[in-house]
Amino acid sequence: MNSIFEYFADIFHTVKSLLTGMKVTGRYFFSPGEIVTQQYPENRKTLKMYDRFKGEVIMPHNDHNEHRCTGCGICETACPNGTIEIIQARIDMPDGKKKRIIDKHIYHLGMCTFCGLCIKACPSDALAWGQEFEHAVFDRSKLTKTLNQPGSSIIKDIVE
Amino acid sequence: MDNAALKERILGLVPDAEFQENKQFLTFIIPPAKFHDFAIILKSEADLAFDYLFCLSAVDMVKYLEVVYHLESVSHKHQLVLKVRTEDRENGAVDTVCDIWRTAELHEREAYDLMGIRFNNHPDLRRFFLEEGWIGHPLRKDYVDEVNIVEF
Amino acid sequence: MNFSLYDFTSFNQWIDKFLYDHLPAFWAIAVEMVIIGVAILLFYALVGLFLVYAERKVCAFMQNRVGPNRVGPYGFFQTIADFIKLMLKELIYIKNADQLLFNLAPFIVIIASFMAIAAIPFAKGLHAIDFDIGVLYVIAVSSLGVVGILLAGWSSNNKYSLIGAMRSGAQIVSYELSVGLSLVTIIILAGTMQFSEIVEGQRDGWFLFKGHIPAFIAFIVFLISSTAETNRGPFDLAEAESELTAGFHTEYSGIKFAFFFLAEYMNMFIVASIAATVFLGGWMPFHVGSWTGFNHIMDFIPPFVWYIGKTFFVIWVMMWFKWTFPRLRIDQLLTLEWKYLLPINLVNILLMAFIVLMGWHF
Amino acid sequence: MKEVINLPVKNIEEEEYHINMGPQHPSTHGVLRLVVSLQGEIVKSLKPHCGYIHRGIEKMCEKDTYPQIIHLTDRMDYLSAHINNHAVCLLVENALEVEVPERVKYIRTIIDELNRIASHQLWWCSFGMDMGGLTCYFYGLRDREKILDIFEESFGSRLLHSYYTPGGLMMDIHPNFQANVKAFIKYFRKKIKDYDDLLTGNVIMQLRTKGVGILSREDAISYGVTGPSGRASGFACDVRKHHPYGVYDKVDFKEIMGTKGDTFERYMMRMNEMHESMKIIEQLIDNIPAGDYSAKMKAVIKLPAGEYYQRVEASRGELGVYCISDGNKTPYRMKFRSPNFSNLSALDHISRGVKIADLVAIGGSLDYVIPDIDR
């Protein structure tokens, strides 16, 4: 007798637990307000990344096409996987001395792991995080970027 | 058991164990020949009861290879580090402990694969990560692989 | 000709008469067959495409998603795009597969579902063939599909496929019993196996309500076992994508895969329409006792709409099952059938026979 | 005369055959290959084959400085990236005997626990998917997204953060961090009821998991199965409790323990751990002391020669970092004792004699992350 009772109790609990589950999915089915999907290409205009978002490493330039990079190479050594290459150039100073300045700050986006060590290491705050995130390209060579803009120069008050 | 008492106990069991100074753990270097019997005692004796092998590492010390066993007793909460050194780099072998601590089976396969330490009586000593027929053992200091290692 | 949305009988008779007037008898029948064939094929394709779309939308809403929304308004043409893609895809040639059986299997599966649709009444006078053993025919034909599944699993030369096929075989053989017995319960009440008469018998109330508790139990059992018979979640052990990658159709690609896919949805449509016809009154409108006004409004909705509405409600419930429950294990699946559904069903038949005998039903 | 060859007569019911689960298989959660010996649907034994995603992190560590190692540890168990980072940071700090500011300890503990919740959420949804309930996957991801948003606002990335540095943090937390975390906990306490309704209480799920894949306490210790999987067997292995780090010694939390060690217990451990993690966060979030976000560290970190070992409780078990330093700025040898590696070794033992469907459920309950096994 007891086992028959258990048999029906079993069925009852089964049905109850299944209905509890169906209640959850059923509730979401009838509440379209809960939909969380973002319509990505459509919302590009309104999509705003957080201000700390790590999109890529950039070198901010001011209005006079000046940056803060001295070309010291600390970021190059801080980088764990050789993402940054610094090519230096020598210029003749007015007082006759030769000075090394940055020629090209090459950044291989394809190798970057976004660890942020270069930005943390930079003594003159020349590097920053950019907000760009649509990095897909058809040609891998396009992922190699030169961060200092052509014809740019260093801001005068930066001392090494 | 505190570390001082444990040290006495272990030196009593294996008199030629070499004590090594370490801030964190009580560390001993055990002669390979006595290691397996000693390991059985470590696990079975009630006052030692080292039943949890929480790390097994292989280290290339250039002159020889070394296997480091990090042991803990779940009931007594004391910890112990054992080191076993092979004779030389090429033909050193260490007795397996995977009959004592089952977790050692995969760890020893990893050590064999990447460091080239052979384990006697291991039930299934094959390469674990790399494919069969791989030449060399990548974690060794003298391993050179022009094809796969990217130099910066 | 006197055409009405509420009664297709005169329309059919008009076509029949027209053909016989203009053609010899043999050709008239031949042309009729072709017309019916084309009509069903079109219906089949449309329903299949719509069901795939509906499933994707339903599961999307249950999962807080939007679902397909790129092709056409609300993604309505998504399945058509998918179908074109599947048609154009390469058919992968499987080495060491039994080529004849491998190629035959999808056709068996799809023909089995195609045949079952013939006996289903869509509206008054709108069915291909009105057997006096309609229910039996549908049960018989719909279980033919398992042959195709077994063949597909066997001939693919893949262990996953074979496991899936064997599971499917065990599953359908056992659940066929429950499907049959739960329909028998209603046949006792209806006193006929002819679909048109079963529907006619529900003019004053659906069998679900007429048959008291036994009919209700039979409906639940039918829902569960027909979900199992169509290999749908939570009983989709034959596919069991997290265990067997894709079960019996692992090795199929392109249009052959599409056949399996379509057949699954059509099987779902067929069992849903049987449920709608047998339990929920088929194309009969919903009537409540003596509410004449209400009944008149209900009568105003065409029978075809009633039929489709009920069928899709049952399909929606089946989708709801699928997207809520985790999958059963094979032994639990068989336990459910042999230890729970079958005894309940047998007792239920006795109960129903008793009720009918005493004349307690409405 | 023809020779009669007597082939051995095999009983077909006892014949075993092998199937390859993986490297591409929906339920191995990555590129793990299991060669499963089956008899019908019963698993007789299985052999794991790893290395499909082996990157040689231990070898790479020998070339990297200590701050650079952090970003490699992210990529081991990518679902508990912060906790992996924490292990290396603690190792370096303890070796150098640097006292990190209280603020850092609080923040690290909160973020570790957030990371643990996120990891368990992903485990829950993939476990649901392994069981065949696809809807679970989307509910889990929906709620995990909230945590990832918090992470993204504070540290700029969603999965691989490299947020901890030896001595402190990369940058201070975002001003909105505390409010967001509190909002999340309020939200998640509501949503976790859905999890219970949908899967925990479901009779199919309980039938499939109770009494399946039992791992005894002795075996759990011997196999080194740690984390929720080990605690389900009654193995008290919570590093947070037994070897506290961060501010775990200051917060009140229970070490969730099970007794049976079956798949359902392992499931419940993680469900309850999410509640415990939320409790820990609630105790800390309002009490973050003011101060620096990093201790003063030298520009080039060199560990004194010696051996160091650091254990932390990652979301899947005990993560150990064993480091031998020869006094240089790069370690001589770095060994990661990853939780999944040991947990995987028990899979063969506990899945013998179960059905193939149970194997998937057991695998889901052990919750392995393949990059952590392969490293």
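Points to keep in mind about this one:
Read from first to last, the chains carry the letters A, B, C and D; within each, the first residue is number 1.
Everything below uses one rule, namely that a residue touches a chain if its C-beta (ideal position, glycine included) is under 8 Å from a C-beta of that chain, and two chains touch if they have at least 3 such contacts.
Everything quoted here is computed from the prediction, not taken from an experiment.
In terms of C-beta pairs in contact, A-D outnumbers the other of A-C and A-D. Placing every chain at the mean of its C-alpha atoms, the farthest one from chain C is found to be B.
Centre-to-centre, using mean CA coordinates, chain A is 51 Å away from chain C. Per-chain Cα centroids separate chain B from chain D by 24 Å. Centre-to-centre separation of chain A and chain B, using mean CA positions: 41 Å.
In chain A, the residues that reach two or more other chains under the touch definition are 18, 21, 24-25, 36.
Contact of a single residue of chain D with at least two other chains is seen at positions 135, 142, 198-199, 202, 204.
Of all residues in chain B, those that touch two or more other chains are 152.
On chain D, the positions that touch chain B within their shared complex are 48, 50-51, 54, 56, 58-59, 63, 218-219, 221-224, 226, 235-237, 242, 306-309, 311, 318, 320, 322, 324, 333, 335, 337, 341-342, 344-346, 349, 374.
Chain A contributes residues 11, 18, 21-22, 24-26, 28-29, 32, 34-37, 39 to its touches with chain C in the complex. Of all the residues in chain D, the ones that touch chain C in their complex are 17, 19, 25-27, 41, 128-139, 142, 198-199, 202, 204-205, 207-208, 355-360. For chain D in complex with chain A, the residues that touch the partner chain are 64, 67-68, 70-72, 74, 135, 142, 145, 152-157, 160, 162, 165, 170-171, 174, 194, 197-199, 201-204, 206. The residues of chain C lying in touch with chain A in their complex are 58, 61-66, 69, 320-321, 323-325, 340.
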